[in-house]
Amino acid sequence: MSENNAPALIGSSGDSLREAFGKELTRIAPEYPKLVVLDADVAGGTGVHHFRKAHPDKFIQCGIAEQNMVAAAAGLAATGMIPVVTGFACFLERAYEQARLSVGYARRNVKIVASHPGLDVGPDGGSAQALEDLAAFRAIPGMVVISPADPIEQALATRAILEYDGPVYMRTGRSGSVRLFNDDHVFEIGKGQIIRHGLDVTLVACGVEVARSLKAAELLAEEGIEARVVNMPTIKPIDEALLKRCVLETGCLVTAEDHNIYGGLGSAVAEAVTKNRPCPIEMIGLKDSFGTSGEPDELAEHFQITAPYIAEAARRAMARKEHLQ
Amino acid sequence: MPICAPVKETAFETATAHPVVSAPDIEVQIAEAARFTRRHLIASIYRATSGHPGGALSCADILATLFGAELNVWPSSVNDPQRDRFVLSKGHACPTLYAIAAWHGFCDKKESLNLRKLGSPFQGHPHVKDLPWVETSTGSLGQGFSVAMGMAMGLRMQKIRARVYTLLGDGEMQEGSVWETAMCSAHHKLDNLCAIIDYNKMQSDALNEEICGIAPLADKWRAFGWEVFEIDGHDIPQILSTFHRAATTRGKPSCIIANTIKGKGVPYMEGSPAWHGSVKLSHEQAETALQALGCTAEEIKEFLDV
Amino acid sequence: MSENNAPALIGSSGDSLREAFGKELTRIAPEYPKLVVLDADVAGGTGVHHFRKAHPDKFIQCGIAEQNMVAAAAGLAATGMIPVVTGFACFLERAYEQARLSVGYARRNVKIVASHPGLDVGPDGGSAQALEDLAAFRAIPGMVVISPADPIEQALATRAILEYDGPVYMRTGRSGSVRLFNDDHVFEIGKGQIIRHGLDVTLVACGVEVARSLKAAELLAEEGIEARVVNMPTIKPIDEALLKRCVLETGCLVTAEDHNIYGGLGSAVAEAVTKNRPCPIEMIGLKDSFGTSGEPDELAEHFQITAPYIAEAARRAMARKEHLQ
Amino acid sequence: MPICAPVKETAFETATAHPVVSAPDIEVQIAEAARFTRRHLIASIYRATSGHPGGALSCADILATLFGAELNVWPSSVNDPQRDRFVLSKGHACPTLYAIAAWHGFCDKKESLNLRKLGSPFQGHPHVKDLPWVETSTGSLGQGFSVAMGMAMGLRMQKIRARVYTLLGDGEMQEGSVWETAMCSAHHKLDNLCAIIDYNKMQSDALNEEICGIAPLADKWRAFGWEVFEIDGHDIPQILSTFHRAATTRGKPSCIIANTIKGKGVPYMEGSPAWHGSVKLSHEQAETALQALGCTAEEIKEFLDV
């Protein structure tokens, strides 16, 4: 029975962000002879099992030891390699101080790629749901922080971080994801894009919240509200110019992220906005609470980060804008 | 579902006392609890459509023995400061903990099948919230062990003679914080602390020795100042007597290296890392597993009908 | 020679925040029979050598193993003890994930008290200067984050965190600090205070930046600018009501902290302000850079977080306010 | 200041080659370098008005031997991919590194006295920025070792035969990540990696055995799969020959447990944890120290006049 009774791995659907990452990394690897991938016994979950299979000699198994893995990556980078450190977002936080000192402070060309971010890990429960990773890594000086929205963008970002010389933290995701972009999509570190036009309010989102923001914009459109949607895959450095323009043109913002409302995309946007032209912002994210077990979509509903809540936040933001005028 | 009375529903006893049942009796009772535990965890993982069956099965006999004969904790005493503590450091094996807890009446047998669901306290990894008999939240390997050490220190400072038991995975040995805790516990001579290693030779992706060899494991623990016992983790009499020897060890903490089989009890899972997790069991797979665990057709229906 | 040739420990001046913390903790310990202090071989630097001397049986030496120390504290708390974990801010980041899961998620009554935050550690250099701790700990759901401004406030906060039931991260400091408050000063978790009146701009600060903001207000006063100064010792939960009032009354803010401008006090203020009534904010802090060796005051000057820079930021904020009107 | 020509200013040699000097000669040269190193670090710590003299002095002979005879790296080859790497994992001992680097011409002798000052590249803990011969930034114990392991892997992957050396403190052994690295390096059979433990029996606050005992240290490293050498860390011929044995060990990494004396060379500091750091040396203390290290009055004046 053992042969044809192979277990079905959860969430290994072809359209997840981790699959897009793992496959693209594997595909472009020959172009980057110094590329090396590090894993801490979770390769089956991060998408890099594809890489291991294709490029076993460029794959380093570190065991369940994230601290050593991240600092070792800094050492590999010091010898000229381009290490991509992979793991689940919550467990990579185990190596926070290594990311700070050996990677960030020494400014090593290390890419930290985290799957299972936010509520994405679902049934595994609150312990495994990393809702503070964007905040923590954003605070490390010089660290670029990225959270793509769909498989196409994830693949583009995968190449972009290899092209970029410096420390990067990038989220992927395990759940099946909505495809948003076409093959002509462009990803550039530090640049956001308006993916739906509108002048009443801007919804700024990253990761899984981009699709939900688009849905929210549709809900709002039914009421005659024209919501602009901005895809903001780079949380740091944040695209200040684009935000400035959105504030000028729409007068209020909603931020949406699969993350604590403290410290992540919402904060980055609030910092940029108050630094330039201030405006009302409503933030969608987990309200300083940990997660719990459940399917990602159920959880999104439970923690109120789905389209209806984004739409409601947009209405609040617009009301506040009126009030100011 | 086999309805068996829990072994202990009696009054609270002192930290060192053991249930006053004759040895063969208790061994039979523990074996029965272990059988229930395996069936229950297969059912809950099947119903959850995800979970880690391999490492849950490998520690069923250990947990059954711990709860059946060693821990002085009962549903009525979950808040008693004098109780022994158990920390499941390899938190992904929580279906085993939920099952043995259900067996002993800490929670409802049926409700605890409601694993990994929104609104259920039986999360995919143990969480203190809403489950008073879960001693700490785990899921990130290594941390439970450190927390257990802190508990052992806290009990000693408060002159409480209770003991602290914790179960770790062998892959978990690769986490550095485990060795911090090992070193610190030995330094502080925490003889009220007992770490059990579920030595099933496998971790998430493959064999330990393929991922990052941990052998010679006993030498490591001895070099870190622990009293070490190496046993068969499926031999209930041996587990029982080793707990006793560990409990009477003075001046240092005890480490029980329990040699086990990942997936133990479900032949098609045994010895394959593929069943580590997060796997989804088909109805047929769950059925085959429950058959192997000796369930009747009726019991299988009761377990698997959602 | 060895006896009278004892080394002079650096920065052990009686007016440092760490001394205030260590001494107060030692003094009030008898009132908290469950109190226990944990150290990772830096007791001489955190102020808890006082505690160890007075209450050796309540002092746990964990060795240089911050991860184990923080999770062990969670275990101690689970048995009813009130553990105070002490260390240098940068090294406590080693236990970030333990603080997240074993302390934060399990909601254990653990107090993490960090000395040597920000540029405070001076000559030890950039590796030891924790400029991301406020951001990282603020992102952990339910974690209270505190950074007192003077020895009196530090002592009050020391008692306050013992009275509070839940996880707390608190900064102290090793450098000699300016005394700002009298014995009748009040500290309440979650509350800021106006410590200088003014209606042109509000300077919101925590830690060592409070004294510098007061100095900045004096500089501004010379030009006829009336700057309000708010002491904001609790970064989380932030005092939204007070901020709201300040925005209403002064129309623009400057935040000042010995921390990266991303994720700390400035972000907390920007979040609150954009959520309520938005206004221009200028942020004083390290501009996403690591520190370097030097005396703390020199470094503050070098990284532009001293009074003249705060004053200059106030002028910019005021100009932006005018511009908006 | 004693102006002595650096031992090596010669052309680049292969990874395995050693300087072609007769043994006694090189031992004399290393001893001289070590003497210079101790004087220089006392002077720089005095000038900085803070620093960690105890653990800097204990490793002077080890670093002098490493740079004098083992590492194939010269000022002209700091960017050569083929060079050996040295990582000071116990980063607080950097005055020793700066001193031996100055001795060998990697940096200016006078400039490198400008320790811990704003604008100086000679920070209180080693930083890669502006010092090309510092291989990684350290200061947080444990990390340097992991980085060194990564370097050893990177070199092997690129088929570079250079070796990686790293110096750790004994207190540093308490950091869990050290054991992660130990386990992983052994698993990957990194025989191009050599860890040297500065076993001075003391850490920041007190003796190791008072803080958190690390004994039996050799047993621990052996149980983690390393080749272990136990030596006198102040005996230059022994250090030399052990480096040679380590370099010829195949199939596993080497650990050299160097028994040392904290504060070695300055009698009033020897054997007292009080001189760990961050301490401020008075002019008199610095003078006494330099006298003990054999400086003439003139040399003392040159070192201490700021």
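A, B, C and D are the chain letters, set down in written order, and residue numbers restart from 1 in every chain.
The rule is short, and it goes like this: a contact is a pair of C-beta atoms (placed from the backbone, for glycine too) under 8 Å apart; a residue touches a chain by one contact, two chains touch by 3 or more.
For clarity, every value in this text was computed on a predicted model and none was experimentally measured.
Q: Leaving subunit A out, what are the touching components among the remaining chains?
A: one piece
Q: For subunit A and subunit C, what's the span in angstrom between their mean Cα positions?
A: Between these chains, centre-to-centre, one finds 30 Å.
Q: For subunit C and subunit D, let me know how many angstrom lie between their CA-based centres, rounded off.
A: A distance of 35 Å separates the two centres.
Q: Quick one: report the Å distance separating subunit B from subunit D, using the average Cα coordinate of each chain.
A: 45
Q: Find every residue in subunit D that makes contact with two or more other chains and list them.
A: Subunit D, residues with two or more chain partners: 127, 137-140, 142, 174-177, 180, 183-184, 187, 212.
Q: What are the residues of subunit A that contact at least two other chains?
A: 62-63, 65, 67-68, 90-91, 94, 97, 101, 105, 126-127
Q: So with touch defined the way it is at the top, what topology do the chains form here? Options are line, ring, star, complete, other.
A: Drawn as a graph, the chains make a fully connected set, so complete.
Q: Quick one: which bits of subunit B touch subunit C in the complex? Just the residue numbers, please.
A: For this pair, the touching residues of subunit B are 81, 85, 127-129, 135-140, 142-143, 146-155, 157-158, 160, 176-177, 180-181, 183-184, 187-188.
Q: Looking at the complex, which residues from subunit B come into contact with subunit A?
A: The touching residues are 48-51, 91, 116-120, 122-125, 127, 137-141, 171-172, 174-176, 203-205, 210-212, 267-268, 272, 274-275, 278-282, 285, 288.
Q: Over in the complex, which subunit B residues touch subunit D? Could you list them?
A: The touching residues are 142, 174-180, 183-184, 186-187, 212-214, 216, 219-220, 222-225.
Q: Using the touch definition up top, name the residues of subunit C that touch subunit D in the complex.
A: That would be residues 1-2, 5-11, 41-45, 61-65, 67-68, 90-91, 94, 123-128, 292-295, 298-299, 302 of subunit C.
Q: In the complex, go through subunit C and note every residue touching subunit B.
A: Residues of subunit C touching subunit B: 36, 57-58, 60, 62-63, 65, 67-68, 70-81, 83, 97-98, 101-102, 105-107.
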